[in-house]
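Labels A, B, C, D, E, F, G, H, I, J, K, L, M and N are assigned to the chains in the order they are written; within every chain, residues are numbered from 1.
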Amino acid sequence: MEKSLADALIIMGKAIGAGLAMGIGAIGPGIGEGNIGAHAMDAMARQPEMVGTITTRMLIADAVAESTGIYSLLIAFLILLTL
Amino acid sequence: MEKSLADALIIMGKAIGAGLAMGIGAIGPGIGEGNIGAHAMDAMARQPEMVGTITTRMLIADAVAESTGIYSLLIAFLILLTL
Amino acid sequence: MEKSLADALIIMGKAIGAGLAMGIGAIGPGIGEGNIGAHAMDAMARQPEMVGTITTRMLIADAVAESTGIYSLLIAFLILLTL
Amino acid sequence: MEKSLADALIIMGKAIGAGLAMGIGAIGPGIGEGNIGAHAMDAMARQPEMVGTITTRMLIADAVAESTGIYSLLIAFLILLTL
Amino acid sequence: MEKSLADALIIMGKAIGAGLAMGIGAIGPGIGEGNIGAHAMDAMARQPEMVGTITTRMLIADAVAESTGIYSLLIAFLILLTL
Amino acid sequence: MEKSLADALIIMGKAIGAGLAMGIGAIGPGIGEGNIGAHAMDAMARQPEMVGTITTRMLIADAVAESTGIYSLLIAFLILLTL
Amino acid sequence: MEKSLADALIIMGKAIGAGLAMGIGAIGPGIGEGNIGAHAMDAMARQPEMVGTITTRMLIADAVAESTGIYSLLIAFLILLTL
Amino acid sequence: MEKSLADALIIMGKAIGAGLAMGIGAIGPGIGEGNIGAHAMDAMARQPEMVGTITTRMLIADAVAESTGIYSLLIAFLILLTL
Amino acid sequence: MEKSLADALIIMGKAIGAGLAMGIGAIGPGIGEGNIGAHAMDAMARQPEMVGTITTRMLIADAVAESTGIYSLLIAFLILLTL
Amino acid sequence: MEKSLADALIIMGKAIGAGLAMGIGAIGPGIGEGNIGAHAMDAMARQPEMVGTITTRMLIADAVAESTGIYSLLIAFLILLTL
Amino acid sequence: MEKSLADALIIMGKAIGAGLAMGIGAIGPGIGEGNIGAHAMDAMARQPEMVGTITTRMLIADAVAESTGIYSLLIAFLILLTL
Amino acid sequence: MEKSLADALIIMGKAIGAGLAMGIGAIGPGIGEGNIGAHAMDAMARQPEMVGTITTRMLIADAVAESTGIYSLLIAFLILLTL
Amino acid sequence: MEKSLADALIIMGKAIGAGLAMGIGAIGPGIGEGNIGAHAMDAMARQPEMVGTITTRMLIADAVAESTGIYSLLIAFLILLTL
Amino acid sequence: MEKSLADALIIMGKAIGAGLAMGIGAIGPGIGEGNIGAHAMDAMARQPEMVGTITTRMLIADAVAESTGIYSLLIAFLILLTL
């Protein structure tokens, strides 16, 4: 591997930047979706006949909460692949 | 790759800046939307006949909470692509 | 790209400054609006006939909580574009 | 861009200082106003006939909680524009 | 801009010092006033005939909680303008 | 091992970047899935006849919460293997 | 401005020291006074005829909680003006 | 041991990277599985006849929550052994 | 101002040391006294005829909780004035 | 001890890496198992006749929660002994 | 002031060390004594005839909780005056 | 003491590594065992006739929670004595 | 004061080490003893005739919780006086 | 004191390492034992006739929770005296 110091710094910066973006960015959606799922479990136990309705609403709510996780993934890809 | 040290520092700074912007910026909306979704699940279990109403209001509330996440995405794009 | 070390430091500082401003600045409004939305869901389930009233008040409360997020966006733009 | 190292350090310091001032300064008001709004939602559901009164009081309370956010904006402007 | 390195360090130090003073200094009053306002909302819903009394007391309590925020603003001004 | 300093910095940056991505990225899903699972246990104890339904819904909710953990794994692989 | 490097370091140290003293020092009193005020709101709603008594006691309690905030202001002044 | 400085930096980076990956990565699953197990204990005490069912479901939930811990182990192995 | 680098470092160290001592040292007493005051408000609302007794006891409890704040002030003075 | 600087850096990196891996890695399982054990105590007090069943299930749950602690131990051994 | 660099570093180290010792050391006793005082307020409101007994016990409990604060003061004095 | 700089760095690294391993590693088991013990006290007060059973189960649960603390001790010994 | 740079570094290290040991070491016992004392206040209000018994048990519990604070004091003395 | 730079670094490293080990290591046991003691106070108030039994069990539980604190003391001694 014949690389210069500048190339090394670029790869170093990209690895740490993408790592922080995806790593920290996974905290929020992970906890948020866990919270949604936990309350959906409670809701199903309270209204057994609404299992289907709650499952689909839970997935809608998860889809929105997932969005910032996907943004983080997008930024991490951009940092790693196109910078 | 024939890059100078200055170019390396620029890419390094952009990667870390965008990574922090999107990574930390995903915490708030992720947790907030998870909180909205979790309480919506409870509300549906308490008022089964209001599932449609609550789902649309949940999405309205999510849209507002999502806004700072989108601002973060915007700033991360600006840092990566136009600086 | 023929840039000097000084230019590199400027871009580095602007990227990190704007990233911190928007990233950290998204935590407060994100969590706050999530809290408002979550309690609005509860309120709707308790007073189904007030759905319209609560939705508009929720949006008013969200608008105020959003303000510091918008200030952060403004400062991030100022740092990135006019400094 | 023909800038010296000293100019670069000045811009770097101003960007990071203003970013910290506004970023961290948005946490308190964001969470505080979210708390006010959330309890206002509860109060409206408990006393439906007081919606107007509570909305105006909520905005008064928000105005006070917003003040430190505006101070942060002011300091960030001072750092960026007049230093 | 013909500035020396010493001037650059001074501006850098003042920007970061004032940014920390006001940024961190906004957390306490923001959360505290949010707490006061939130409980005032509850109190109004519990004692509707006391809305006026509670509003003025809320503002008195806010004024005291605001004081450390104003001290922070004062120190930030001192750092930026007179040092 | 005949490696240059640049190669050493590259490996160092990749190890730390991937370590942060996966390490921090495991916090959110781990806590979130634990929350989902814990509430599923409660739900089963409250509605014993719904054990099958709740188990499958728990796994659906877990699958969504797992997603940001898998994104972190993906970014860590990308950092380690293809950068 | 004809200042030496030593003068620059002095101003830098004083700005950061005073900023930390007042910024961090505003967290405790801000949250504490918010807590006192919030419970005073509750107390007023529970004992409407005691509004005057509780207001004066709230101010006494606030005065004590404010003391460490004033000490911080004092130390910040000492650092900025007499060091 | 005849090692160059570059080799030393590589080993240093790998040790710290793998240490962070596995160390931080053990927080989430550890707390999550503890949460699942704790609620499973409660569930068993509430529904003694469901001990077998709850034990197997607890293990299913644990298996999912364990996954990010195993990803962390995998990344740590990759960093240590194949980089 | 004709000061040497050593003098600058001394002033820098004293400013940061005193700032940390008083800033961080204000967190504990501020929150603690807020907690005492908040519960005193509750106690007064529960036992209106004990307002005088509780006020004096609150001040005794505050005096003890204040002590570490005063120690911090003392150490900050010692650092600033006699070192 | 005739060691070169490179050897010193290797030992330094291995000590800190292994220390972080095991130190931070002990937080999650320690708190998680404490949570499991605490709820098991409650469960036993509620269902005295199930002491044996709950003890064995507690140990099963502990075994799973322990796993990430053992992974941390494994990585720390790998860092210390085979790197 | 004719001081050498070594003297400057000594004063710097002593100021920061003593500042950390007393500053951080004031958090625990401050919060702890606040907790004791707050519950003493509650206890007095519940058992008005025990005001004297509870006040003396509160002071005994405070004296023990104060001890680590006094140790911190002692260490800070030792660092500042006798090192 | 005739030691080289390399030896100094080795001892420095070992001291800090072992200190972090044992220091941070004591947080989890300490809090976890405290949690187990606290709930065991409650359990004994609720089921006085089960004191012996609960004490032995408490010690079993403590033994498992202690394990990661012992791993930390082991790693700290390895770092200090055999590296 | 005719001291060398090495002596300055030794004093610096000892001041910061002892400061961290005692400062951080005061958090745990301070909060723990505050917790013990607070619950002892509650216990006295619930069982007035047990004031003596609870006071002595509170002091026994405090003595154990104090132990790690005294260890910290011991280590801080060792660092300052005998190293 | 005729000491070399290497000796200074060794003492510095040992002071900071031992300080961190004992300082951070005192947090867990301090909070844990405080939790045990607090619940023991509650238990005594609920079952006055079990004071002796609960006191001895509290001390057994404390002894286990103390263990990691003693390990920290041991490692701190090893770092200070035998390294």
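One rule holds in what follows: contacts are C-beta pairs under 8 Å (C-beta built on N, C-alpha and C of every residue); 3 or more make two chains touch, one makes a residue touch a chain.
For reference, the UniProt names are A, B, C, D, E, F, G, H, I, J, K, L, M, N = ATP synthase subunit c.
Model, not experiment: these values are computed from the prediction.
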Just how many steps, at minimum, does a route from chain B to chain I need if it may pass only between touching chains? 5
Which chains lie in contact with each of chain G and chain M? none
Gap in Å, rounded to a whole number, between the CA centres of chain J and chain H: 10
Indicate the whole-number Å distance between the mean C-alpha point of chain B and the mean C-alpha point of chain L. 39
Give the residues of chain E that touch two or more other chains, as numbers and ranges in rising order. 3-5, 7, 9, 12-14, 16-20, 22-25, 27-36, 38-40, 42, 44, 46, 58, 62, 69, 72, 76
If each chain is a dot and touching chains are joined, what shape do you get: line, ring, star, complete or other? ring
Enumerate the ring members one after another: first chain L, then chain N, then the rest in ring order. L, N, M, K, I, G, E, D, C, B, A, F, H, J
Under the definition above, what is the set of chain C residues touching chain D in their complex? 3-7, 9-10, 12-14, 16-25, 27-36, 38-40, 42-44, 46-47, 50, 53-54, 57-58, 60-62, 64-65, 67-69, 71-72, 74-76, 78-79, 83
